[in-house]
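Below: one structure, written as structure tokens.
When the chains are written out, they are named A, B, C and D in that same order, and each has its own residue count from 1.
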Amino acid sequence: MGILVDKNTKVIVQGITGNEGSFHTKLMLDYGTKVVAGVTPGKGGMKVHNVPVYDTVSEAVKEHPDANTSIIFVPAKFAADAVYESVDAGLKLVVVITEHIPVHDSLEFINYAKSKGVNVIGPNCPGAITPGESKVGIMPANVFMPGPVGIASRSGTLTYEVSYALTRAGIGQSTVVGIGGDPVIGLTFTEVMEYYEKDNQTKALIIVGEIGGDAEERAAKMVEEKGFTKPVIAFIAGRTAPEGKRMGHAGAIIMLGSGTYKDKVEKLESAGIKVAKTPFELPKLVSDALKGK
Amino acid sequence: MGILVDKNTKVIVQGITGNEGSFHTKLMLDYGTKVVAGVTPGKGGMKVHNVPVYDTVSEAVKEHPDANTSIIFVPAKFAADAVYESVDAGLKLVVVITEHIPVHDSLEFINYAKSKGVNVIGPNCPGAITPGESKVGIMPANVFMPGPVGIASRSGTLTYEVSYALTRAGIGQSTVVGIGGDPVIGLTFTEVMEYYEKDNQTKALIIVGEIGGDAEERAAKMVEEKGFTKPVIAFIAGRTAPEGKRMGHAGAIIMLGSGTYKDKVEKLESAGIKVAKTPFELPKLVSDALKGK
Amino acid sequence: MKLFEFEAKEIIKNYGFEIPQSILIKKGDDIEKKIRESKMEPPFAVKAQVLVAGRGKSGGIKIVKTVEDAVKTAQTLFETPIKGIKPSFILIEKAIPHDKELYVGIVIDRSLRKPVVLASKFGGVDIEEIARNNPESIIRYPIDTFIGLRNYEARIIGKSIGVTGKALGSFEKFLTTLYKAFIEYDAELAESNPLAYLQDKVIPLDLRITIDDNSLFRHEDYAKTEEERLGENTEYEIKAHELDLAFVELDGDIGVLGNGAGLTMTTMDLIYEYGGKPANFLDMGGGAEAEHVKTCVKFLLDYPKAKKIFINMFGGITRADEVAKGVVMALNESSNKKPIVIRLTGTNEEQGKEILKQAGIEAFNDPIEAVKVVVGK
Amino acid sequence: MKLFEFEAKEIIKNYGFEIPQSILIKKGDDIEKKIRESKMEPPFAVKAQVLVAGRGKSGGIKIVKTVEDAVKTAQTLFETPIKGIKPSFILIEKAIPHDKELYVGIVIDRSLRKPVVLASKFGGVDIEEIARNNPESIIRYPIDTFIGLRNYEARIIGKSIGVTGKALGSFEKFLTTLYKAFIEYDAELAESNPLAYLQDKVIPLDLRITIDDNSLFRHEDYAKTEEERLGENTEYEIKAHELDLAFVELDGDIGVLGNGAGLTMTTMDLIYEYGGKPANFLDMGGGAEAEHVKTCVKFLLDYPKAKKIFINMFGGITRADEVAKGVVMALNESSNKKPIVIRLTGTNEEQGKEILKQAGIEAFNDPIEAVKVVVGK
């Protein structure tokens, strides 16, 4: 089954006629993802990789009433509008790939989506994949395989690295969610974890965090206070990052003394969560955890 | 019992230290209304007619947790803020007496209050009175007496005139609600009517409308479509008002050809609602209706 | 408060939306020089800047093909009253050749309590006329107060009135800009009619914004110019405005003064019902004191249309003695004499009647009786 | 993008909040003349306009009692580097005698996804220091994204840090104004520290606004001045900025290039874990093509702190052959030679390795192995 995306996911691609949108539509289709429609204002009537294109999301939904998910590739300047359009058209999950969206825009559309009961993944994220079922994102398909381990990650490439390491070790993944590298994102660790907790396929969880913010600390707090029935293992990138500098991701910055590597590791460990020193220790740690060690 | 205000109503007066606020606090107290606190920023610690004054509504609510209603006398410029403050402090009914509030402000605070499940009466209204129980407003108390007739009105003085005529004819009132003379108001006729429908004390209803807008037409439509179990009688002011001119009330204007006297009367009558030619016919018509004529 | 066309266009332009090149002419300007300096080429639209509706039909807009004609036309328009008003400004604008004219407006929907966009593919005539002839062509699109008009919504609206291709992007920009003006200027109405629909863009040929009077404290620059916009009111409405009175001129001969808008309207209606004709609407408001009542009564004494005066006062918060005092003060101070019928009841009724009695006026208790007397039947 | 103090104050002033009278001095200005012309009377605060934190402690603010001292102090400040940077502007401001200093700031709370007002009665020192010494004094007040900060909320916040009486009205106005700036300027941070608390009002003695870089397309005037604000960055960070590279300077000696922020940070961490020290963070981003990889590698070849270079690349959307091509291009074009260790895996791995092999480089598959080689252990 996995979480958030599965074989029942029917995707609308917003910005399908752009370079990225078109390229990844092809890759998603190749993976077997059900891409039912695309949207680009002014380009209605076209086809991209045989997927019909509409001017508006509401038109797309009218023609494809089973659509339930949107993936957004439109430029940062127009991304917020694209989210509102999907939310108002009744889609239930919006995956925002776009990078460099103004944080005030993200604040607003995330709060708006929440008020309408819509999940947002991202912005500035690689999307989500449930191996063997559906890929709604830009991750390279070949590094994943179906299995028992959930992964939630603030980083893109690092997630592929971790997944690949697992796959090579013969450990598959239930669902891998790139939650995004921006300071303000839709689903955070704690929210994704609630989905993993309920998912039967997921037997263990890997959290790939990084410096900045307190998403990892909150995950630790949740595990400590509410409990989590599955083993959780974490890796945090940015141990050697200096304070006050953004490390690539808009969200990866230690500010006002908070969001340090040390803090995160302490909180996670005190919640009983093992923290790997390098991502390459993760397959062993997860394998042990799955065996109940 | 009546509707909206009754003996369980505990009032906070916002703008209690102003001329109007102080004057009407006295009159409400004289009537027996439970005024538990007043609010004027910067005047916390004072007393007005022995009512304690606080700087903020949240402080007032903290000291008087049974407070459930606010009446607002603050100047138009600050009135919207006062409404937000009451709504956020958890009060359940906000009566806005203030006139000349910018309509965009009203739009926003009415939508906000609605989203929080809070009723707003007004702005630009005389308030509501359940004779013998509670007066939350500025109407002269002596013209009312308890009885079976509900009144909902867009006009102030005219309401007193109508109530007085009923009282002199020996017909009392359940609750009299001045819904306000602005184009955008909180509770409208249809919403107030839903309360009257459920109220056991109310046996008949008088609607005092005026030209402009379509609140009366909507009331007619509701009666026609959903039915209303109690006799309804209406009076509409402004039969001789010209098009395109505001008749005192910001809301009393015939615009784009809509909101005419003729339209309103036609719609009301076709819904089976009797329309009085003058307000002085109302006692007879109501009396007949109560007797089932 | 209605803004002039050129003011509304200025707002849209400052928000970055392209409008036709134009120059504003005041009386006494060297029109030819101004046109030459602007380097605009004919044809031009020469447009009287007035606030009344139906300007086009009344001859307030002329298309001219030469600079000389523009000068002549502007001079003529300055001297041509439109619905009684001569313009103080003329706008000379580059004429835009176009095939299609759209209607786009934003107003407040009272029952939804939301701004609502009205749009139709049949622009160029009044929205009332569109509503009569092509009601099904009018799109009504309500806007969430907190989220505002999103760009995608502007596109949906544009598409639904037939705007396509490159022009749809222009329409999207225009409508979101108009909505911004609607919000930031506390508008009751923001409207472009006609909105020219060209191959690749839309251009507002006319543009109207009405600011909510209650919000003028947030728009001080316009509040200062309030007086010069009163042109569309009658002489006595302007005088009343200066005195801050809620006065509307009507066609009858019985001056009306009431307390409260509803009661005052009802008083007019009663006069009509009993065969008379009200000369005006005048509301003294709630809780009026003697001084203010005096101003109101004196105003009606001076107001020539009112041959008689009917005062209908129901004392609640307003006290009957204050009203009576005010009436007597007005009568004493004014040299104009007119028959006055007064109905006085409610708070302090006895004292009020006594004051009037000493001034020789017998006040009525029953409004119907009083109305019958004033209409003379 | 950080705004200078004088720019932030200008914004608040344009919104109608009173700030201390001041003049802005550029290098070469006739300071005395400017002060005399302004008619300001001493005492003055003479303040270096720099973007780095801790300006006060570093001697960037002086209080002077005469015009002559102001001139001298300003001249000295122009020549005094603060954390390595000499100011381009000096602000000479009327000094405001005051007893109490407050802290007020607005930031974005990531987990609430709301703006949050931070306030404390212990202003004048860093919020970090307040958090250490008086954590209970810090009020955190989250703001609804759609409703914004209401006036009554500003009063509640003011009261809760001890502001009372007339000054509370001034605080209310200041905080709502600051919030307006926070929203309209897409701020990550809007902060006044210290905010002077006088008998009847508050006055922002310092004011800081940081605009979200992602929003600069909405703030074009500031976007144009981006270059002149880079002063607080190192020489190579400025160069990287000009090349649009995501580069951060560090203290070690191993140049790092990765694809993706998380992987690049992890590469730094791995080097550290195995006993080395990274000289930088440099992320080539996702889906990088050869040309961009070349720019990155050449940059590290020129970057003197990097004695060796470690490239860690996991091919997903990014193709290993493109990366390999870029590396080879850089080596061919640059005259600088440094030891390079490359780990290359994923999409088109074989082709990439072949390209490198022909250039004489043996790429690693295993990052740990590769790291061990580059740290030389």
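Observations, loosely collected:
The rule is short, and it goes like this: contacts are C-beta pairs under 8 Å (C-beta built on N, C-alpha and C of every residue); 3 or more make two chains touch, one makes a residue touch a chain.
Quantities reported herein were computed from a predicted structural model and do not represent experimental measurements.
Common partners of subunit C and subunit D, by the touch rule above, are A, B.
Each step here moves to a touching chain, and the least such steps from subunit A to subunit B number 2. For subunit B, the chain with the farthest CA centroid is D. Interface comparison, A-D versus B-D: the higher count of C-beta contacts falls to A-D. Here the spacing of subunit B and subunit C, counted between their Cα centres, is 28 Å.
Between subunit A and subunit C the centroid-to-centroid distance comes to 55 Å (mean Cα coordinates, whole Å). Residue positions 112 of subunit B each touch two or more of the other chains. Contact of a single residue of subunit C with at least two other chains is seen at positions 146-147. Taken as a contact graph, the chains fit none of the simple arrangements: neither line, ring, star nor complete graph. By the contact rule set out at the top, the touching chain pairs are A-C, A-D, B-C, B-D, C-D.
For subunit D in complex with subunit A, the residues that touch the partner chain are 108, 110-111, 113-115, 127-128, 131, 145-146, 183, 186, 188, 212-215, 217-218, 246, 248, 250, 258-266, 268-273, 278, 281, 283, 286, 314-318, 345-347, 367-368.
Interface of subunit D with subunit B (complex): residues 147, 150-152, 155-156, 159, 165-166, 168-169, 172.
The touching residues of subunit A, counted against subunit D in their complex, run 76-77, 100-108, 110-112, 138-140, 142-143, 153-161, 164, 181, 183-184, 188, 208, 210-211, 213-215, 218, 235, 237-242, 245-252, 256-257, 277-280. On the subunit A side of its complex with subunit C, the touching residues are 41-42, 55-58, 78, 81-82, 84-85, 88, 112. Residues of subunit D touching subunit C in their complex: 146-147.
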